[in-house]
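Shared between the two complexes below is chain A, which has chain B as its partner in the first and chain C in the second.
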Partner chain A sequence: MIDFELSGEQKMVRETVGAFARDQVRPAARSADESGAIPPELVKLAWELGLARGPIPETLGGFGDRRSVLTGTLVAEELAWGDLAIALHVTAPALFAFPLLEMGTEEQRRRFLPLVATERFAAVTAAAMEPRYDFDLSALATVASPNHSGFTLRGDKCCVPLGEQAQAFLVYARGEDKSGGARAGDLQGTQVFIVARDTPGLTVVEREKNMGLKALATYELKLDGVRLAPDARLGGEQPADAARLVAQSRVALAAMAVGVSRGAFEYARDYAKERRAFGAPIATKQAIAFMLAEMAIEIDAARLLAWEAATMLDKGLNALKESSRAKHYAAGVALKTTDNALQILGGHGYIREHPVEMWLRNARGFSAFEGLAIV
Partner chain B sequence: MKILVPTKRVPDPATNIQVLPDGLGIATENVKWVINPFDEIAIEEALRIKERLGTGEVVLAAVGQKSWQEQLRTGLAMGADRAILVLNEKALDSIAVASLLAKIVADEKPELIIMGKQAIDDDSNQIGQMLAEMLGWPQATFASKVEIKERRCTVVREVDGGLETLAFALPAVITTDLRLNEPRYASLPGIMKARKKELKEVPAESLGVELTPRLKVRALRPPSKRQAGRKVSSVAELVNLLHSEAKLI
Partner chain C sequence: MIDFELEPQVVERAKFFRSVAEHLMRPISRHYDEHEHEEPRRFIETTWQGAARERQGGADAGAERKSAPRNLLTTIMTEELCWGDAGLFLSIPGPGLGGAAVSAAGTAEQKERFLRRFKDGEPKWGAMAITEPGCGSDSAAVTTTARREGDYWVLNGTKIFCTSGMRALEKSDGFVVVWATVDKNAGRAGIKPFVVDHGTPGASIIRVENKLGIRASDTAAILLDNCRLPLDHVLGSPQVEPSGGFKDVMATFDATRPIVAAMAIGVGRAALDFVRDFLSQQQVEIRYAIAPTRMTALERDFIEMETELEAARLLTWRAAWMLDRGLRNNLEASMAKAKAGAAVTRVTQKAVEIMGPLGYSRKYLLEKWMRDAKINDIFEGTQQINLLIIARRILGYTSKELR
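Presenting the complex of A and B:
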């Protein structure tokens, strides 16, 4: 009934993306954090892995791969192990592609998926979060009012990756019409709209200054009476299942939190085996060994929660609860693990020569992130 | 052009190798297996030649256990078209592997064979040379640059103190050096496609080759542990020790 053995294909995906993260992403992370920019050659190489383009049908320029949320969590964990900011940047086009792929109407898929089925990195993304203390995906302040010619969008968005370079956005908003919305109880009313960059009323405000993820360019978006045609709503007459999208995003974020945690754990473990104090490696001291053991246990537990939710999503089940638990738990583990890693490195943890302080800054975001990744 | 790429499965270079208590082999539990890195370079070069010519077929080959499928699939995910696994459970020496590969060549009739210059496990550096001799084909080992025009091939080799350029007609055997290229990552769509590509298994016994090893491994042992360094109190003492103990000066 329960099988934790990955398929041969999944193992190969994990190994390949893991090697990419080790050889390409990790070495680029620190300078990307310092300079606030990700090298275009790295983005190009990551794009060639075919993460977002793979599942798009061949008739629309993709490779027609069967998409699996579970396989996606493996990719997310490995990339985030390399670097979270780079992982979020290179997977951002999936925020646009995967919901369209799964829930777009035939016409929407035909019109917009070719934007992602390209040889070069496709700058398309999603805007879900809002700069409000009471931000809630089930009660968004961005409103889509229906009118005789379609919809009008009003509201502010934040943490939009690729904002400045994006050609198109999926904007999450509260639908004011009565046609229902998501099928799960608490996300009814949350709808998703396809908005091209040049639509009047849409402004990309300046780049945000964040505590972590300094290499990831995120932007605020202003939607000031953005008029959309009736077919701009994802799913058309049958609005997209926002609960399922939110669940997929939470699984992705949980998997990335596992990746960040694993990276920090491994770094601290190896350091503790090398670093000597009072004549012995500090890993032999129980104060350190217990900490490391607990970190390892919690990382495994977080991964299992993410895999459980991913497996349910792959079966077409509602996994809003499971994915929320996975994300909540993994966010806590990421913060605790990176903090403990910093503690194990002692003074070395606090200086920028080691990556641990960067991982702690990045991990702090997980409890706030929503809709920033999808697999 | 049909290109054959013989490959070998080896322990990941990052793996910590443990010698078995009997001193005749290594512990294989917990070893991560990968394609020999030089063979990976060979696969990449074969794919590039195919892409440049716009036509052709890249066929992988390996002689080993059934589990070697995994590494062949990785090569298929990089873009090779199909693979042949000559099934054999026991240890073989280089001449047996080369003989088995020669049989595969007779059957497949490739125009070019590209392979790693050596496998990083036993560093024998023999099979490419043996295979070329058995086939009576030209060989260019340690290639750092390969150019193919019509049926002529030019290979630049890294030799002591410089570069040597060889020109010869195909068919031929080329073995790859480290700086020939940077192998690509398999793409996710490539991995998905690899599952559907042909992977043929051929029992080694069916090829009529003498498999009994002529070489015997007598003993394996890990490199001796490096001695800890020593601090000296003066330059004079250092010079003295270099002379009297290390006998370097």
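Presenting the complex of A and C:
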């Protein structure tokens, strides 16, 4: 039944996380970007929200919350409204926890979920992206070759959040044990492997320097003949449904793109009402007002596309198409919106005194980001 | 609880309208495009008989109804029928925009009196006349006057771009709601809606336009030359109040803009389905999940068109859903209308581009849909006037502060 209203619980979650983003995340964003570090105190406070730990069963040390992809998109939007780099950092442990929770074997869940069910921030993460212009989750260059004692992983990964401090990774790779190979674009060949930090052959290369997300410590990984036991593959004998994981990730990134866009829109709107030119606020000029109107429409459109994919995932449906287009659309909206916001501020938008240039740098990344967040 | 899945009974209705579109509209689509001003008589008769049973009287702008999601159903029906043919859709007899104005601005007694006619008898149309030769988007600037003379209102002026105006005024026992000012000094507060019945002396059709698209629909110019109306033909209160008058025009638009957005989406979907079917015959696969950098230009274009359309649809459903809930949807209705008009203009133009000479050929309907689509970017408020409304709302400006 068509309904555009959030449940009472969802409204509450949005309010709680929204307040956290406003009071804690936003004030820390600029200095985190300049210094390249997120205050540990802030990470601790974010961890107390229980975002990654919450849905883990109580028997494994979690809170046994019901996981909802839609509720997750609300959280993602609010946190990214505060700051994208901080949002990606504090939600990174879910990149490890959620796939295990949903698709791990009993044994895998029992062994690895307690890593995330801790009082202190759990440094676990995923490695999905690769340093290639044609990087594609449906055609990964990182290969998992089956052999008599399990699998061997070979390849390079990049943009791995928490890389240096991480105890364990979920590594996305192309499985070579499927006869006939994968069809382009359906993710049949993509598999996920649980790799402990100290596995021989795994090297965490030095911290990356990116255009944006400067506060988020990301790393390249080298997988040089990493030998894994047969039970290291997520889902075991029946490989995990990578398409569903990718869909969940794309919805999360779409929601974050909406959060960044909304932040930039609100800032530019308020600025345009304050800033005067030719005797009136610039917001009273149609050239500015129309930009803002279009930004408002596109932000709502992108959010609804993300929600549409999220509701499908919550119903257990295949939403690969819907989540992919939502992510692609939202990435475009984020770039356009942050660029418009900068344009509205004019020269002031270019100056680091205002956050808008930072938002543009962050937003530019969405077209490349994959597997950096999950709901 | 957020949900975008239509209920089974709505899906059933959609299937029904889809079948009407497929069997009653598509086969005659080209003919009435190439024979402008020729009346699609059989289609009119069939749809009148089918719809008269169900119809109760126009789109609903008020909060008086609570149960069935009627506005949402209307948008679904509109999308399906405009997938068939937008010009023929606009020709379907019924209360139309005139009915919407009566519903939004009329008293209970007026609704009963003016809308009763649509329940039976011969096919009839309701129409609405706002635009004048000298004013379009600035509808507060109407110069048509309504002067009180004893027991009558006397209307003088010229109205243009009145959809179904000829059918409402000359070809059936219908009516046109004419917006006129009772007091020029009062500005927008002085603008009132008047019901001009079929056959009223002094009201005449002076022209029917030749158009780029939606040619099956008549677009009339109306001359009001000392047109005398009974006093109770002014909808709502005849008093000039600061809050009255123009607000009613806007309330009408809050209900009709989602419908126009749905019209646009129907035309856009027709074009998209055409391209999809063609590509699938050619065994061209659209790979949604691969990285955009690895997609072909065709895949990127197609997915972008589809996404634009879906974004517009979700905004439209939201605006209609709010109306069904009795929520004020002024901002959301304009968002849906602005987005849908622009998106579908682009989508249909792109579809013609993708299909090359086949897209440009009148052998297929695609070029027609591109021509039909453009009207949705213009009528019921151009894209720009809707952006202005949105901008005022998000900035908290009045129409004086943001012109």
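In the analysis below, the second predicted complex is superposed on the first by the 368 of 375 C-alpha atoms of A that agree within 3 Å, B and C clash if a C-alpha of one lies under 4 Å from a C-alpha of the other, contacts with A are read in each partner's own complex, and residues count from 1 in each chain.
We take it that a residue touches a chain if its C-beta (ideal position, glycine included) is under 8 Å from a C-beta of that chain, and two chains touch if they have at least 3 such contacts.
A quick note: this is a predicted structure, and the numbers were derived from the prediction, not measured.
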item	value
Contacts of A:Met211 with chain B and chain C, given as first, second, both or neither	neither
Contacts of A:Asp65 with chain B and chain C, given as first, second, both or neither	first
Touching partner for A:Phe4 - first (chain B), second (chain C), both, neither	second
Contacts of A:Ala229 with chain B and chain C, given as first, second, both or neither	neither
Which superposed partner A:Phe20 touches (first chain B, second chain C, both, neither)	first
First, second, both or neither for A:Leu51, with chain B first and chain C second	first
First (chain B), second (chain C), both or neither touched by A:Val75	first
Per-residue contact with chain A, leading partner among chain C and chain B	C
Chain B contact footprint on chain A (complex, rising order)	8-9, 11-13, 15-17, 19-20, 45, 48-51, 53-54, 63, 65-66, 75
Sites on chain C touched by chain A in the complex	1-7, 10, 69, 72, 285, 287-294, 303, 306-307, 310-312, 314-315, 317-318, 321-322, 335, 338-339, 384, 387-388, 390-392, 394-395, 397, 401-403
Footprint of chain A on chain B - complex, ascending	70, 73-74, 77, 184-195
Residues of chain A touching chain C in the complex	1-7, 10, 70, 133-139, 184-187, 243, 246, 269, 272-273, 283-284, 286, 289-290, 292-294, 296-297, 300-302, 304-305, 307-308, 310-311, 320-321, 324-326, 328-329, 367, 370
